[in-house]
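Heads up, the next two complexes both have chain A, just with different partners, chain B and then chain C.
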Partner chain A sequence: MPISAATKAATDAHALHRAPASVSPQEVHKWMQSFNWEFSKNKTKYPTKYHMANDTKEQFKLIAKEYARMESAKDERQFGTLLDGMTRLGAGNRMHPKWGETMKVASNFLEVGEYNAIAASAMLWDSATAAEQKNGYLAQVMDEIRHTNQCAFVNHYYSKHYHDPAGHNDARRTRAIGPLWKGMKRVFADGFISGDAVECSINLQLVGEACFTNPLIVAITEWASANGDEITPTVFLSIETDELRHMANGYQTVVSIANDPAAQKYLNTDLNNAFWTQQKYFTPVLGMLFEYGSKFKVEPWVKTWNRWVYEDWGGIWIGRLGKYGVQSPPSLRDAKQDAYWAHHDLALIAYALWPTGFFRLALPDQEEMQWFEANYPGWYDHYGKIYEEWKALGCEDPKSGFIPFQWLLKNGHEVYVDRVSQVPFCPSLSKSAGSLRIHEYNGRKYSFSDDWGERMWLTEPERYECQSIFEQYDGRELSEIIAEGHGLRSDGKTLIGQPHVRGTDLWTLEDVRRAGVVCSDPLKRH
Partner chain B sequence: MSASVEKPHGLTDPERAAKILAAIPDHDLDTQRKMNYFLKPRGKRLSEYEILTVYSQPTPDWIAGGLDWGDWTQKFHGGRPSWGNELTELKSSDWHHHRDPGRRWHGPYVKDKSEDWRYTTRLLESFSADGGIRTLDPTWRDEILDKYYGALLYNEYALFNAHSSVLRDCLSDTIRLTAGFAALDKVDNAQMIQLQRSFIAKLVPGLDDSTHAPKQTWLTDPVYNGARTLVQEAWQGIQDFSEILWAVHNVYDPLFGVFARREFFQRIAPHFGDSLTPFFTAQAQTYFQVTRTAISDLFFESLANDHQFGDFNRTYLRAWTGKWLDGTIAALKDFVGLYAKIPPIAGVTDKEAVTEAVSRVISDWVADYADKIDYKVNQQNLVAAVISGLK
Partner chain C sequence: MSDNRYNSGIMEKNGADFANEFFAEENQVVHESDKVVLVLMKSDEIDAIVEDIILKEGVEINPTIVVEDRTGFWWIKANGKIEVNVADAAALLGKNYSIYDFLVNVSSTIGRAYTLGETFTITSELMGLDRKLVDVS
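What follows is the complex of A and B.
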């Protein structure tokens, strides 16, 4: 074969330099921006009112194979720890039962968020015009697949090792029965994937990930560890190592639209709506899971919230975006009030409806009640006395025929569902921000609990058509609902949900039937 | 407690550990220790892949197979739902039926690709130390590899992008994972083509690894005219996630992609002293075959053989095949024009040999795809249509 001049150069080069050579990921990535080209149909299938710039860069500069190498190395450490060290230590059943129950909810609900974030990141990948930005969103798509599988692995691991696998083993089927599910879908599912693509990015990356994953994925590991759970930190901290990339994607999304006049017009309103949407659910639910779903407390939720949400996110993170015209959301001040009381309000309703859960809930014991009062002065008089009364009425005892939801109805404490957030609230017992307001539209009544959500609904009611659990269950007896939703253990008669975490005195479907609770839509009484 | 003192942890603080252990019941409260136990496994028992994946999509029961109830809690502006049956023309009695026979969830998938990266790097190091570059024919290297193999990058990149709306819109978790892994493989192929160009440029002083020349080839050279037209349509021309997956993975890539990778670059490269390209094309073909098993399960096992909607779906799949086959054959017809740009190799680039190569690809496609949905095709006519593009 003839040797040309260029080949001779290569031959000469090889004679001088015989060391092995390779190509780094960055040497490939630097050309990625030129992988795109213009053609007439090259428009996103998910329109946005913003214009994303064609030259937006991404920060992580990963190529597919390097991404796989990095994640595989993390997986080896994580799964090695779980399947070897943790298993030999019996760590899967060495956490306090209250916390073991909390993880039925926390891991499964986070899984839903991660799963929907796959679709959300894919929508942004489609919307972005810059090839680097597409690549950044692609890496997030893959991360979200990873996190979905990781969250599932926590429930899978608990199913194998924890003393009460019920709920861990069927969360994907039984989670839809109770009052926490629909609200979770709003923030963690539909809020990420249904709307203007950039609006969804603001929900997912700018608020969900930059703000609430810190308490949800990082702070939770402190609570887990304090309660004997080493499984959750092993997995969740590995998840968190990817989250920085997602926050950077959110940042770059804002950068990509910063010069668009539409950004000046809409961005702060979209951010305010996104913040309120996310906080409306996460503020009460995370506080409830931490403080009521644990025996050993780390710190009052309001302090965690102030540090992560108010100071770090509302101050520092949003402050960094100030040069692009981003302002702290005005709803932050109302959220601050929710951070103090909303989780106590929600915990009361969740306990009142405990049979609909796919987890066991327990009343605060004396030590915990003292902690609540010490950290939330006034807690005992407002909430503690109710829990004591419920206990005295036999709420834990399957023979009592008493389910606290009956007490709420009997005492005129109607439970409504906020139409926009799908979060249940009890106006007559609520200490958090907001109040009951009711609107009629197309012959139906809708309840709301705050100005911000009400405003979203008044602007676009067609986006919030989902029935509440009380509309769905109206007129139906509680045990029927539970049986239909598969809320039973493998013996076919004992409930998965229980009002305590002991190993005895478990409620059966018959016990619930005997209590005779019939659900009704409170809006019918207006 | 001061910040410098370690907070007591549940398992490391003996007093607290004792309280925790005392609170744990002395017996198990349930006997069912298998997550997703209510799911019918595809094999004899539930696989880890099925446990970790199936039903992670929270669809309501009005999308077949969904476990949730009711409506979506937030919709698009105007009221379009998050996910709905209108996102595809195909129907299913259970959208969660599909299984990747490779049982790939994220962990095994990245482990495989991570190994691919390690052996790719080792091969590059060995190739460079070995001086393998010295035998590479310069015309092949600079005219064909740099421009035309380089341009194939854009083909793979477009097919990668065709998956973005699939990953947004598809109706189940197992489909989403299959599509996600197929997408990453496609952008990986594109990146490996550029990596090979950068590698060669490192070894040959004076060579440029800029994407300018291959991009111009892709955008202006008649060899890629048909391919470019088709992948642009697959990328942004259609919305139905099933049609996109069908067009890309069941019509275009098994014909055009396989021909370009396997029958042209992989087969011809060794004749020009190129032992490098076959490594990368073989890797891309490996991804193609792994994806094929998963995509075949989705379309043939799950949709074409759906007990309720199989016939209905086959009608659509046949219609889509006809719609995308014409463009694919046109792309191949343009592509075989590339043979005229290389020195003749007896038994490889003459008309008879090219006809055999095209026939191989088309008959593989008929056996692996067309026959499975009863799509009738005259292979000889297809081969003749492609061969008519020979210069």
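What follows is the complex of A and C.
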């Protein structure tokens, strides 16, 4: 059949200039760049003292379609595994109970960090002037929303399947009384979203994500597996598949300011402050969760810290940037002291104050005590003997009327809260870096535990307004505080926190009342 | 024995020996390193890529590559850089497998990671500072 002249012309043209059968996503990414517009006069709600250059790249060449497909594949695999195979295998109740309690803290706290990172990366999207950098930040905003849901889902899953759901469900209601909450808000909220935008990026991306997500989200999965938990590796390793892009965002933030004269003046101080801020909380809390919140140990926490924080983050990220003027953080020496001892200090205080927690803690058994002494020589004489004395005094028994916090006070071991990090510390028992120092400002006294936080407070005293539980509840009896702060299970009388992980001999509000512990602010005695 | 192993150097020491080196004066500052670390979440595809690409062609190109099984993930460390070509992976797996499919299971990187066409690279180079990041040609 003859064809028309028009059809023939079209057919001939197509033969000469064939349209591509498909276009690779990276060609689309390149093509999309012709749609960029001028951001150099970007007006932002979140200014920075640095000048961010506007030619910075996004290292993975993301386009919306491939990003969505990639994240969808991650979610389908993760939720498919959890809701099908893992449920059928009863995986939600097969971990050691000590580890089941650790995940009450780890996943609930990480959820808060992810939630604040949504705002932090959106803030950076607003501040940046390079189109590709904005692209990277925007993908991070969406990632953080995914992560917030993933963390919540871990606790939701545990709530349904784990034999002790209290604390996995609705942990946040205890945030006023739990001494670990406020420090977590300092690193995960204030550090990420308050102040200079680039300083927030250094806190969130260059230190929080490039350094501490490796122990918090990767190494934790080794401990989880060793203790029978298959839920956490399934979710947390999926979370971390987005973190490499966030680390790259943080690195590109540094690239964007590398040639700015302001970087020569401010970058090293901002990096040191961010490193100290993040390590001051993560170092003791992660070490405590891993070593004291597990039955089966992978390796000493100080080795995990040495690998991921000192050798790899320090050498591969910070060390490599040395030729661009980035220096080793001066606080590193104190951070290493903390890596060795701070988690032991914190675990002792956490156990002494167990009724204020939303998780159950257990005393180290004989095998664990030997492990601690072998890996931290001197541990037994300093900490082990105290745990043994507390056990002999009946700290686990609700009929004993003994809560270890009483022992600390009776023996002159006052517990303070560091104003800047909000981490509790006991100067007379501490082997961490630092010592007690007290400042008076506007008629009030404030306690500090180390040089670096003290220096930050002296620079911006009005920034650190969070009250400690001792100031907040000064003069109040402990059972009243717990009832008021929602530290009870659904029966309205049994505490969520417990000093052991058995299903019997649970402490009630009446048991705590009988102990007669009264909260008092140690700063009033200075 | 490679010094890229998970437990090499100071990590082989225990107790007081570890503490002495950890607190040694020369270790109170960071030391520049040209190593890179790649953490791959285990999956059908990744297990095959590790076994048949990274541990074969990868190690031929860069003999410093060390791969260790850390239960839920493969931990990989090397000097300089590690590259994975996803066209090779697609041929191995017998299905379409793009750089974005590979990223589904890349759990962490220490170093500068980037993609270009069908190649994923993690390098100790300071991309964007020492060398420009480029687009596909």
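Just so we're on the same page, the second predicted complex is superposed on the first by the 487 of 526 C-alpha atoms of A that agree within 3 Å, B and C clash if a C-alpha of one lies under 4 Å from a C-alpha of the other, contacts with A are read in each partner's own complex, and residues count from 1 in each chain.
Heads up, the rule we're going with is that contacts are C-beta pairs under 8 Å (C-beta built on N, C-alpha and C of every residue); 3 or more make two chains touch, one makes a residue touch a chain.
Note that this is a predicted model, so its numbers are computed, not measured.
Participant: First (chain B), second (chain C), both or neither: which does A:Ser238 touch?
Facilitator: second
Participant: Go through the superposed model and pick first if A:Arg69 touches only chain B, second if only chain C, both, or neither.
Facilitator: both
Participant: Name the contact category of A:Tyr464: first (chain B only), second (chain C only), both, or neither.
Facilitator: first
Participant: Which partner does A:Glu27 contact after superposing on A: first (chain B), second (chain C), both, neither?
Facilitator: Both chain B and chain C are touched by A:Glu27.
Participant: For A:His168, using the defined touch cut-off, is the partner it touches chain B, chain C, both, or neither? Pick first, second, both or neither.
Facilitator: A:His168 contacts chain B only, not chain C.
Participant: For A:Ser225 in the superposed arrangement: first (chain B), second (chain C), both or neither?
Facilitator: After superposing on A, A:Ser225 lies in contact with both chain B and chain C.
Participant: Residues of chain A touched by chain B versus by chain C: which partner has the larger set?
Facilitator: The partner making contact with more of chain A's residues is B.
Participant: Across the two complexes, find the residues of chain A that touch chain B and also touch chain C.
Facilitator: 27, 66-67, 69, 73, 222, 225-226.
Participant: Contact residues on chain A for chain C in the complex?
Facilitator: 24-27, 29-30, 33, 56-57, 59-61, 66-67, 69-70, 73-74, 77, 210, 213-214, 217-218, 221-222, 224-226, 233-234, 237-238, 240-241, 243-244, 247-248, 251-252, 255, 258, 299-300, 302-303, 306-307, 310-322, 324, 328-329, 332-333, 336-337, 340, 374-375, 377
Participant: Help me check something: in the complex, which residues belonging to chain C touch chain A?
Facilitator: 6-7, 10-11, 14-16, 18-19, 22-23, 27-37, 39, 41, 43, 70-73, 98-101, 103-117, 124, 126-129, 133, 135-136
Participant: If you look only at chain A, which of its residues touch chain B in the complex?
Facilitator: 1, 3-7, 9-11, 13-14, 18-23, 27-28, 31-32, 34-37, 39, 41-46, 63-69, 71-73, 75, 79, 91, 93-98, 111-112, 115-116, 118-120, 122-123, 125-126, 131, 134-135, 138, 141-142, 145-146, 148-150, 152-153, 155-156, 159-160, 163-166, 168-170, 172-173, 176, 182-183, 185-186, 189-191, 193-196, 222, 225-230, 295-296, 298, 422, 460, 462-467, 472, 486, 489-490, 501-504, 506
Participant: Could you list, by residue number, the parts of chain B that touch chain A in their complex?
Facilitator: Touching chain A: residues 7-11, 16-17, 19-21, 23-38, 48, 51-53, 55-58, 67-82, 105-107, 109-114, 116-118, 120-121, 124-126, 128-129, 131, 133-139, 141-142, 153-154, 157, 160-161, 163-169, 173, 176-177, 180, 183-185, 187-188, 190-192, 194-195, 198-199, 202-207, 209-212, 215, 218-219, 232-233, 235-237, 239, 273 of chain B.
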